[in-house]
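First comes the structure, then the notes that go with it.
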Amino acid sequence: MSGLRRLVLDVLKPHEPNNLVLAKRLSELDNIEGVNVSLYEIDQNTENVKITIVGNDMSFEDIKMVIEELGAVIHSIDEIVAGKKLIETVKTEQDR
Amino acid sequence: MSGLRRLVLDVLKPHEPNNLVLAKRLSELDNIEGVNVSLYEIDQNTENVKITIVGNDMSFEDIKMVIEELGAVIHSIDEIVAGKKLIETVKTEQDR
Amino acid sequence: MSGLRRLVLDVLKPHEPNNLVLAKRLSELDNIEGVNVSLYEIDQNTENVKITIVGNDMSFEDIKMVIEELGAVIHSIDEIVAGKKLIETVKTEQDR
Amino acid sequence: MSGLRRLVLDVLKPHEPNNLVLAKRLSELDNIEGVNVSLYEIDQNTENVKITIVGNDMSFEDIKMVIEELGAVIHSIDEIVAGKKLIETVKTEQDR
Amino acid sequence: MSGLRRLVLDVLKPHEPNNLVLAKRLSELDNIEGVNVSLYEIDQNTENVKITIVGNDMSFEDIKMVIEELGAVIHSIDEIVAGKKLIETVKTEQDR
Amino acid sequence: MSGLRRLVLDVLKPHEPNNLVLAKRLSELDNIEGVNVSLYEIDQNTENVKITIVGNDMSFEDIKMVIEELGAVIHSIDEIVAGKKLIETVKTEQDR
Amino acid sequence: MSGLRRLVLDVLKPHEPNNLVLAKRLSELDNIEGVNVSLYEIDQNTENVKITIVGNDMSFEDIKMVIEELGAVIHSIDEIVAGKKLIETVKTEQDR
């Protein structure tokens, strides 16, 4: 398989609907193998979560739609992996 | 299997009933593979524990009920993993 | 198997009987696979050890009895793992 | 196989076309196994991404062409791996 | 097998006989699988070494006798592992 | 096989010919399995790269010749591995 | 096999003969599987290298003779592993 393999998203959302709903809804989309929703920062009305989604040939449009239907917004796409293999970032001499 | 695969909970509880009771009660719920209860901070009357629960299609309602029956309260859900695969969070360039 | 799988104990003890006796006595209990006794801090009359005990369906009462028979006292139970699988604690975004 | 096996590129690009387009376009080139695009820094009009590309006998010219067609520019080539095996950098006594 | 599986010893010794002799003598004891002698600190007349000994049902008395015959003294027993399995210490929330 | 198995070189070079040429030329030498060229520091006219070369019974003379033909100079040989097995450096108590 | 399995040596040497000669000469000794020579510090006339040697029942006398024939001197033996198994040093609570 190819196409989109992993996404890491920084998402701002209201407290409700809660993150259990968000994780389940995302995990039920086509071509999704699993979802990790990690709480990042909590404010009075909002919270920031880091969402890691893994699958094969995932549709970013579907993912974005689920997130926005729940009143949340994608702040940034921190990592994108595409292709036949899941490629990890490499720590180079520039990062030391 | 799918549904809820792993939960990491920050829980505030009285010293009694103790954490052995809490760990055993949670581990005996349906669809739970195992539970890790780690002591985090101790005060005069209360303590904070970090609970990691792994299973397949776990019921958050059951987990919450056990925790609350023992007089404890879920402070925050720090991580949720859902889907066919157990997805770990990824350290991105944004985290460095 | 299920029940208690791993315990991490913070224990305060007199220098004698020594830690070799403590480790051997604990390792000979029923349902215990192995014991690690790590020296933590030494004072004139006492020492602190971190004890990690792994097994299947271990009896906390038996473990506590051995420790107390040797004149030592459990200061705190730092980690409890229970269930069918040995679950490790997860480092979340809250821990960074 | 031999030739170019992995490249790590520091790339400066406009926000649009977005990184999903960039990752997919690169992953569809000949001899490419996978691509990781990690967001590094965001400014008002531009962003820096670290791109890791893995394959066999990859063409740097093709990769450069895709990047430049999307209005981006390769700032530096931080790591190059070539040959029959994927060789990782080694941490020596000089790096400690 | 059971009994004593691993010992970590902090040992103070004269420079002679040297550590090669110490390591070989310990490794030739019954039930010993291997020995690691690491130099820790050097003074004018003495040195500190950290000795890690792995085996099955090892005799602490034999180990102590070899060390003392060579004019060295066990300063402390930093870690003891006993039982059917080699148990590693676990990093808990208390250690962070 | 034996002889030279891995070399880590600190090399100073002009910007041109570029590092892609350097990596490919080195990877095409006899007995070379792979090459990693990592950018280390950039100045106006020169750059420093860390080169890791892995193979069996490699010829240092051949490697040096390629590097010098491209106008670069070996600043230091930071690590050499020779023999039947690839031996990694060990972190000892002296390094802590 | 048993006897000496791994040695880590801190060696002071003149720049010539160079470290390639040193690594090759050591790797050709009987019972040696491999050698890692890592450059540690350079002065005007001398350099310090950390040498890791792995084998079975190695002869320290042979190793020392090669080092001294090349005009170098063993500053300290930082680690010795002997016995049937290659034992790594263990990080204990005392090291944290």
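We call the chains A, B, C, D, E, F and G, going by the order they appear; numbering starts again at 1 in every chain.
In this section, a contact is a pair of C-beta atoms (placed from the backbone, for glycine too) under 8 Å apart; a residue touches a chain by one contact, two chains touch by 3 or more.
Every value quoted in this text rests on a predicted model; they were computed, and no experiment measured them.
Q: Where among B-E, A-F or A-D does the D-F interface show up again, with more than half of the contact pairs the same?
A: Comparing each option in B-E, A-F or A-D with D-F, the repeat is A-D.
Q: What whole-number Å value describes the gap between the mean CA coordinates of chain B and chain C?
A: Distance between chain centres: 22 Å.
Q: When the C-alpha atoms of chain B and chain G are each averaged to a single point, how far apart are the two points in Å?
A: 49
Q: Between chain E and chain F, tell me the centre distance in angstrom, where each centre is the average of that chain's C-alpha atoms.
A: Averaging C-alpha atoms per chain gives centres 39 Å apart.
Q: Tell me, which residues of chain B touch at least two other chains?
A: Residues 38-39, 50, 76, 78-79, 89, 92-94 of chain B each touch two or more of the other chains.
Q: Run through the chains and report each pair that touches.
A: Pairs flagged as touching, ordered by label: A-B, A-C, A-D, A-F, B-C, B-D, B-E, C-E, C-G, D-F, D-G, E-F, E-G, F-G.
Q: Within their complex, state which residues of chain G touch chain D.
A: Touching chain D from chain G are residues 38-40, 50.
Q: Which stretch or stretches of chain F touch chain D in the complex?
A: Touch list, chain F to chain D: 6, 8, 10, 18-20, 23-24, 26-28, 32-39, 42, 50, 52-54, 76, 78-79, 89, 95.
Q: In their complex, what parts of chain C are in touch with chain A?
A: On the chain C side, the touching residues are 92-94.
Q: Which residues of chain D touch chain F once you look at their complex with the stated criterion?
A: 2-5, 60, 76-90, 92-94, 96
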